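Two complexes come next, and they have one chain in common, subunit A, joined by subunit B in the first and subunit C in the second.
Up next, the complex of A and B:
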């Protein structure tokens, strides 16, 4: 009985004091806010609204997003245990293919639902990792819960996964990739990724 | 490996032993009691937010995951067959019908229809909130049902949300079973109904028993027609979503199954 009580005390103490206070609260959220603010500004820019400016607008958005998203980390996570078995060249090729795929997904989400406004609903920092919760208000009067998973890289908090209404994007791809590799091969997966990239 | 697990358990126990601040505070006036029933707290104190996360984000490093959390799928070939069936059903039936309907019927009316059907199933959500011991949610649903059925013109309007900001609680019996500790068991892709699990299929049957439509409409063909119309009306708001989803998936079947799995787990946890 006493042992259990002591264990509880230790656990509680370790919960309260165990976290390293290296990061200022609000830093991951603030950095993410800067990026999304830029994206929203581009989206609402009337000069870029016309149809023939679509390509230009896309490039501008992706340039902003590029600085915040850690594509290589996403690619690594999407392959999980299969990543280590790949050669450096294969890793590079895969990262580019996966980046192309995710850029399209991101553009679909941002353009398709015409993001209007974003409310920040708190962050949770755990050492070099942080989760930032936001609520997206779309032009169609919907709200979407998005959670950004970030990690610290130098002075920057970079995104390695985003979770939309509970569905983790990289996580979802990981299951798809794992089953494709196990059922056929890594080469088959790359082939399918390449076909996707030419289709879109 | 064992210590952190015990730790989580103990912490969980401790958390449940700590009194819920909202319940423990004595509320003097009826007004504040109503307040408690009606409103969500959009910004809970940070401590509560932290509790809703798993203890460590670092543990989600892919290297540490030996067995990724995926939905068991022993009947994959059958499920894939019905996945293709539902896919065709969407492109050949639902989508063209819903697109035509969308052009013919103004958005306001379609919204009204959506609200009306949603108001009808309020008892389902109310009972499931109660079964999950979510009394605030049950209070919200009760007020929504009373207000929207009267001031909201039999549910066509949603003054509870528009004027008072009382959000709908999307609770169903599948989630209730999940809250009670039941896993999804395995994935099921139903023809016409789409993604589900064995647990959620049982839940779906339970929800039909709680649905007033089941008792109001005696004839089975009429009942099916009404449910199909509800579905078409709903689809008219979401044309393009499935297309996006399919375009971005490498294996759409697995993507759908896992998205369903994660989405349901998220809803069960969210309560």
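Up next, the complex of A and C:
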């Protein structure tokens, strides 16, 4: 009898104290939706539409995106095997350059947005990782499939990779960076990224 | 006595022939006799895109294993990869389904990651990319122009 009672106490204790921070189903998707909605709100804000507000608008968008995107993880995964050989300063520098690269490539697309609708097609959670599928309907009646790969960082689900129409961002840059580094050197890669960033 | 010898010779000859046939079918069919060396990991793809049992698995163009099994799990393709024991796959490696040339056979390419954790036998490659439907992409491009 006493044993059963003890067991019950232990079970109860382990239930109350051993609990992980609770993950609600739908959390990764919900957090992504919030970020997207914020960006869309900035884009459709009439006060920010004029040409001289362009810079201000970009900064606002970047601030929102920064919260959701794990740039360092993206840079680490893209550099793959070559990341470990870099010094902390180099890693930091590379993360900034990588972020600037993505900014240049994707900001125009985000700003010139003519999306009609965004449909959230569900998520797949696997421990601390989750994939969220999104379908973007453009004004031209086309659909674009986007899959976000996120991982849990504290209470936030942060994006470390995304796949557009089956083409993955990290995989794409991983192959490119690897080729450049093997053909020439890491310094050459940084040089190329820097010249690209000054061109804008 | 002589007849017996001839019969024995024919019997041995047939037996040798059958052994050769067996060896050939295993070699050509790329089957493995009891296990084979190496280990298995699995990956979940949203679309297996025509990869078959026995399809190649490559890293940097070098064959490192073969597809052992493909099954449907939760309306997704669960593919078991049989890899050479010499090859270690990092936890953040990406497995993607590719096509040799435009219409060639399908294979799985693994782009090695930078993590210091490796996937243990029976583990899973989390990062996967299904095959890109070129036809669909081209049609999108075409219609965008109009």
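Convention: the second predicted complex is superposed on the first by the 170 of 200 C-alpha atoms of A that agree within 3 Å, B and C clash if a C-alpha of one lies under 4 Å from a C-alpha of the other, contacts with A are read in each partner's own complex, and residues count from 1 in each chain.
Operating definition for what follows: a residue touches a chain if its C-beta (ideal position, glycine included) is under 8 Å from a C-beta of that chain, and two chains touch if they have at least 3 such contacts.
Predicted, not measured: the structure shown is a model, and the values here were computed from it.
After superposition onto subunit A, the modelled positions of subunit B and subunit C overlap sterically.
Set side by side, subunit B and subunit C differ in how many residues of subunit A they touch, and the one touching more is B.
Applying the stated contact rule after C-alpha superposition, one finds that A:149 touches each of subunit B and subunit C. By the touch criterion stated above, A:77 is placed in contact with subunit B and with subunit C alike. In the overlay built on the shared chain, the residue A:180 is in contact with subunit B alone; subunit C does not reach it. Once the two complexes are overlaid on the shared chain, A:171 sits against subunit B and subunit C alike. By the document's definition of touching, both partners, subunit B and subunit C, reach A:129.
Clashing C-alpha atoms with subunit C after superposition occur in a single stretch of subunit B, namely 183-191 (options considered: 21-29, 75-83, 147-155 or 183-191). Residues 76-77, 80-81, 83, 126, 129, 149, 165-168, 171, 174-175, 178 of subunit A are contacted both by subunit B in one complex and by subunit C in the other.
Those residues of subunit C that touch subunit A in the shared complex are 90, 92, 94, 96, 111-114, 116, 126-127, 129-133, 136-137, 140, 143-144.
Only residues 4, 7-8, 11-12, 15, 76-77, 80-81, 83, 101, 104-105, 108, 112, 121-122, 124, 126-127, 129-131, 133, 149, 165-168, 171-180, 189, 192-193, 196, 199-200 of subunit A touch subunit B when the two sit together in their complex.
If you check the complex, the residues on subunit B that touch subunit A are 6-7, 10-11, 14, 42-43, 46, 49-50, 53, 56-58, 60, 62-63, 65, 68, 70, 240, 244, 247-251, 254-255, 258-259, 262-263, 265-267, 269-270. Looking at the complex, you find that subunit A touches subunit C at residues 76-77, 79-84, 126, 129, 140, 142, 149, 161, 163, 165-168, 170-171, 174-175, 178.
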